[in-house]
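Here the structure is laid out as structure tokens; the discussion comes afterwards.
Chains: A, B, C and D, in written order; residue numbering restarts at 1 for each.
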Amino acid sequence: MIRVGVNGYGTIGKRVADAVAAQPDMELVGVTKTSPNYGAEGAVRRGYDLYAAIDDRVDEFEAAGLGVAGTLADLLDAVDVVVDCCPSGVGERNRPTYEAHDVPAIYQGGEDADIADASFNARGSYEAARGAGSLRVVSCNTTGLSRLLAPLDETYGVEKARVTLVRRGGDPSETDRGPINDVVPDPTTVPSHHGPDVNEILPDVDVDTAALRAPVTAMHTHSVNVTLDEEPSTEAVRDLLGGESRVFLIPEGAGIDGAGALKDYAADVGRPRGDLWENCVWEESISVEGRDLYLFQNVHQEADVVPENVDAIRALATDASRAESVARTDESLGVGL
Amino acid sequence: MIRVGVNGYGTIGKRVADAVAAQPDMELVGVTKTSPNYGAEGAVRRGYDLYAAIDDRVDEFEAAGLGVAGTLADLLDAVDVVVDCCPSGVGERNRPTYEAHDVPAIYQGGEDADIADASFNARGSYEAARGAGSLRVVSCNTTGLSRLLAPLDETYGVEKARVTLVRRGGDPSETDRGPINDVVPDPTTVPSHHGPDVNEILPDVDVDTAALRAPVTAMHTHSVNVTLDEEPSTEAVRDLLGGESRVFLIPEGAGIDGAGALKDYAADVGRPRGDLWENCVWEESISVEGRDLYLFQNVHQEADVVPENVDAIRALATDASRAESVARTDESLGVGL
Amino acid sequence: MIRVGVNGYGTIGKRVADAVAAQPDMELVGVTKTSPNYGAEGAVRRGYDLYAAIDDRVDEFEAAGLGVAGTLADLLDAVDVVVDCCPSGVGERNRPTYEAHDVPAIYQGGEDADIADASFNARGSYEAARGAGSLRVVSCNTTGLSRLLAPLDETYGVEKARVTLVRRGGDPSETDRGPINDVVPDPTTVPSHHGPDVNEILPDVDVDTAALRAPVTAMHTHSVNVTLDEEPSTEAVRDLLGGESRVFLIPEGAGIDGAGALKDYAADVGRPRGDLWENCVWEESISVEGRDLYLFQNVHQEADVVPENVDAIRALATDASRAESVARTDESLGVGL
Amino acid sequence: MIRVGVNGYGTIGKRVADAVAAQPDMELVGVTKTSPNYGAEGAVRRGYDLYAAIDDRVDEFEAAGLGVAGTLADLLDAVDVVVDCCPSGVGERNRPTYEAHDVPAIYQGGEDADIADASFNARGSYEAARGAGSLRVVSCNTTGLSRLLAPLDETYGVEKARVTLVRRGGDPSETDRGPINDVVPDPTTVPSHHGPDVNEILPDVDVDTAALRAPVTAMHTHSVNVTLDEEPSTEAVRDLLGGESRVFLIPEGAGIDGAGALKDYAADVGRPRGDLWENCVWEESISVEGRDLYLFQNVHQEADVVPENVDAIRALATDASRAESVARTDESLGVGL
């Protein structure tokens, strides 16, 4: 059993905790919270042990009727791996603590690439991550792009990918995030930093990205163009992507017309939190013109990195091969629609 | 066992079906669909028998690989009660069919009040609905208001209630609903029809409503003022509402600041589809100034009527008392946060 | 000629500058900017003299090709009145500077009431502001409420007013303001601070307010209930409000159904920036039930305080009566639709 | 003087009418309305003669206090050119009427290309439109693309253009348009019909488009990639586009970060209705990587086709060259920021 702690129990942390708890070969030792808010109460209801992220706040938790099992230091002493799910930049501040406790750490995509020994995406760089002492699971957008470009590059060769990322402005619970009634170039400069981040996973793929921010909370939307080295048929590409375990082809004629319906479908089939762990590629949009492939995909920013974190734990702490880890993660969670 | 059929498997229908399937004294015989879209596939995945709502579309379902157990007529022949969850106005068109099959029917709030023998809300009119041959579960907004005003009227007497309803523009999956970047008076005339609809449940409560439509999909928000006959303390009102099984007091200091966080909390505690069956009253907002009570409440339009439909089935088909039915519904679903 | 300077040339400042420039008895000496952004360029295009709000940034303006006429100190030396239109709280920091230069100042509603000798609204407190050495024009929402409640109180007596304010989340150019897809109680406590702010203008009117924030940028929407001392007819109230110079009754049947159409109409009739200086009361919504008046009004947050600032200048610097000032302001701007 | 009538006085029609009225060589004979709504009143306030679009509604206008100068037939008898600005598809129904009156007609982009003898964009196809008996001004998106691709193709040659169109969901006054909180592939198939529409103007340019619909009302956003035949410097492309009269380069460092600020700037410089007739290209986004050009541009859907309609009138009714017409249109309106 790999003993795992989650430091930072927010949007990503709570999902990683649930996913770890669902693994037969892992034990969720506990999660940290900085204050006894509704998330902390939710953790307790799920039966997770709470640890105070900040030492002198233990009393605050007790006052709120939420007992804590210890502090972050206690949690670190009890785990084989810590998954840092703190806000961007806080992971960097936490790093010395993890190192002092000699606990291998997994960071999230909001941190700079050099925070860890390697950047991680199960489809794109599992084997390359072997032997690392720490890993950084790339961001939701980079995860979505890596899963798409890896099989295309392997099968047909990618001459150049050009992607417009229409990013969600904030997560559903972030009431202070905008924009309202605006689609904002962010960054205004093109190409954006997302392409180079993909190269942390797939160093040889030529990819340019342009990023916008839109007044939506549910999902990112990617408008993808890939000039391939070969000229496959549209059908062949559809089959290739349909065969990927973490790609869901939104079927034509199913009546799914946007992120709202997609999440409705996820709830229909019983997904916890309505989560979509897979890239959601619009089947009808896949189109090859000469060597130019076009498609739209939606990425559930809160969820797609979750199975990746599980695999990153195995890559860091076990000898499991990519195929073994991915199969185990997917089966225990129910990835694949 | 009460044998139940659900005609119209959309936003409300799929939730009613799940809730019926969860009752120990009910059997979900099946649900109807007009076409084999993603909702139909979701129903099949849940193990529900599909019936074709439109006779000559059986082939379409077969072609999509979704076997049907029969047509609406077959479903009606096999049930004790049908719950009509079709779009507004379609229930009226379905009524003669239900009557021809001699099946007691429950309609939704999008239908006119005179479609059924009585309008229904478990808290406000369970006993009054006794003996009816058909019932209409009032709309999400009316349900939310009835649950609030019933205990206030019983305990303190309501001199007059004045409520502004800031309604969601559409459900999450309705991409064709607006407004974008506008808060629209709808109807422009004040008072709106919601007050009279409350009077279908609580005939003696004086209530004026004013309704707006906003560019949000998650929940309705009600800004409530009630002039009471007495002058209770703020604390007393808080206790009264906190004691209602279908009212959730959003706790101060929990870090919940909007509908997004509310639904995040619902998912945290494991609610299917992130559903909030309860009125969500902002505890901090409850305030009594003289005889004037103020508060905000949020209502999850997709969910609050669901336990009401379950109780309506028992009111129509059994001798169970209100207390018995509500307790059974709440326990089987897990109502109460 | 009253020589006027505007310190802070943003949403409000640029409109106040235009309005001052349009007055026959005023001279706009200049406006300040903290940096040479598009607003500064716009000011220059309009022929307004630019002053550097921050002394050591003069070079930055020169580098951008925008000559400045001096610094804030220079501007203050050249004016009879300064209108502070800086962000909330910055006015308080500027106060000692204005006092050191012995220049009477007008502040905006984002400042605390005690920043100035008196709070100001032409309809509600022009005469009370006489003799003050500084004034604070109350916020957009308070201005809208004062204009409505003043005539109602004078004519019928207000027993109690209860208002729900559905506020815009941000101005159109504020891309960092949320919420997205949420209506947020803000503040969660009821009554909100807006009622007491009205009492700075109308001390004797009993008014409770509840405030929400919505994902829109164009206007605020107020859902108003006023219990009057008398029982006027709906028609009488309509006539009363229709007779107010800064109230526009949105006519029934004109096809105006929201803030978007309202602003379209403002542009149709040639309003600069599509500004609506008037309270926009939905004629069809006006309704008297017993002594209870209901109505919806929309308030253009960027514009309604503009004529008030002009009148505040006259109240501070001249002997003009309210009637004289308001008539002059309204005529020069074209207030009244 | 060219006598011009505008049939359909909505979003586009009212702007075309204003633009025609501003031309020294044109006379706006009148505009039609189907009903006496706020737009009709706005037209009268501007001094435009009203004609009843539907014969038997003349009385309705009179009843609303808005006198009409006649019916559509009367208008057609009095003009040299009619500009049809009716909703998509209505132009097709109007065509026989125009032909019966033997009046050359200009249609809008909502109509099919074959409604007229030629499709029109001043930059792309002025000379090709010569001698046509009727013209169709292409849609707002196609206009924006044509203005961009024409100079690029002339100067460097376009090997292939790939554009993602993030379209506004509706115009500001359209309260019934969605989506709310969703970015919708529309159409889901890629490439979309916008590319072929560009080919109505620039037949030899290879362009693939992918279209989304977002919950915004102010502008469209285009994410553009163009593979050129040559390898110009970023600076050269910037200069080329900066030299186009109907392209505005949004300057770096001006503090403009979205459509809201863009429209604020338009209002600052005095644009009627805050209209942006130009393509708004984000200067900072222009970037050439090898032969791949990237940039973002915003298009004001309500405004960019307006100067094009003016030029279309001259192309249809005069011998003016493109250069003469464009110069005259731009000068009279003030195109160019």
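Assume a residue touches a chain if its C-beta (ideal position, glycine included) is under 8 Å from a C-beta of that chain, and two chains touch if they have at least 3 such contacts.
Quick caveat, the model's predicted, so the values are computed rather than measured.
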**Request:** Select, from C-D and B-D, the pair of chains that is joined by more C-beta pairs in contact.
**Result:** C-D
**Item:** chain D against chain A, contact positions shared by both copies (same if over half, else different)
**Value:** same
**Complete:** Expressed in whole Å, how far the mean CA point of chain C lies from that of chain D is 35
**Prompt:** What is the distance, in whole Å, between the centres of chain A and chain D, each centre taken as the mean of its C-alpha atoms?
**Reply:** 42
**Asked** Measuring from the mean C-alpha position of chain B to the mean C-alpha position of chain D, what distance in angstrom results?
**Response** 46
**Prompt:** Can you list the chain D residues in contact with two or more other chains?
**Reply:** 172, 174-175, 179-182, 184, 215-218, 257-258, 260
**Message:** Taking the touch rule as given, give the residues of chain D at its contact with chain C in the complex, in rising order.
**Reply:** 14, 35, 37-39, 41-43, 45-46, 64, 171-175, 180-181, 217-218, 251, 253-258, 260-261, 263-265, 267-270, 272-274
**Fill in**
Counting only contacts in the complex, chain A reaches chain D at residues 160, 162, 164, 166, 179, 181-185, 188-191, 208, 210, 212, 214-219, 221, 223, 225, 257-260, 282, 284-285, 287, 289, 292, 294-296
**Item:** Residues on chain C engaged by chain A in the complex (per definition of touch)
**Value:** 169-170, 172, 174-182, 184, 215-217
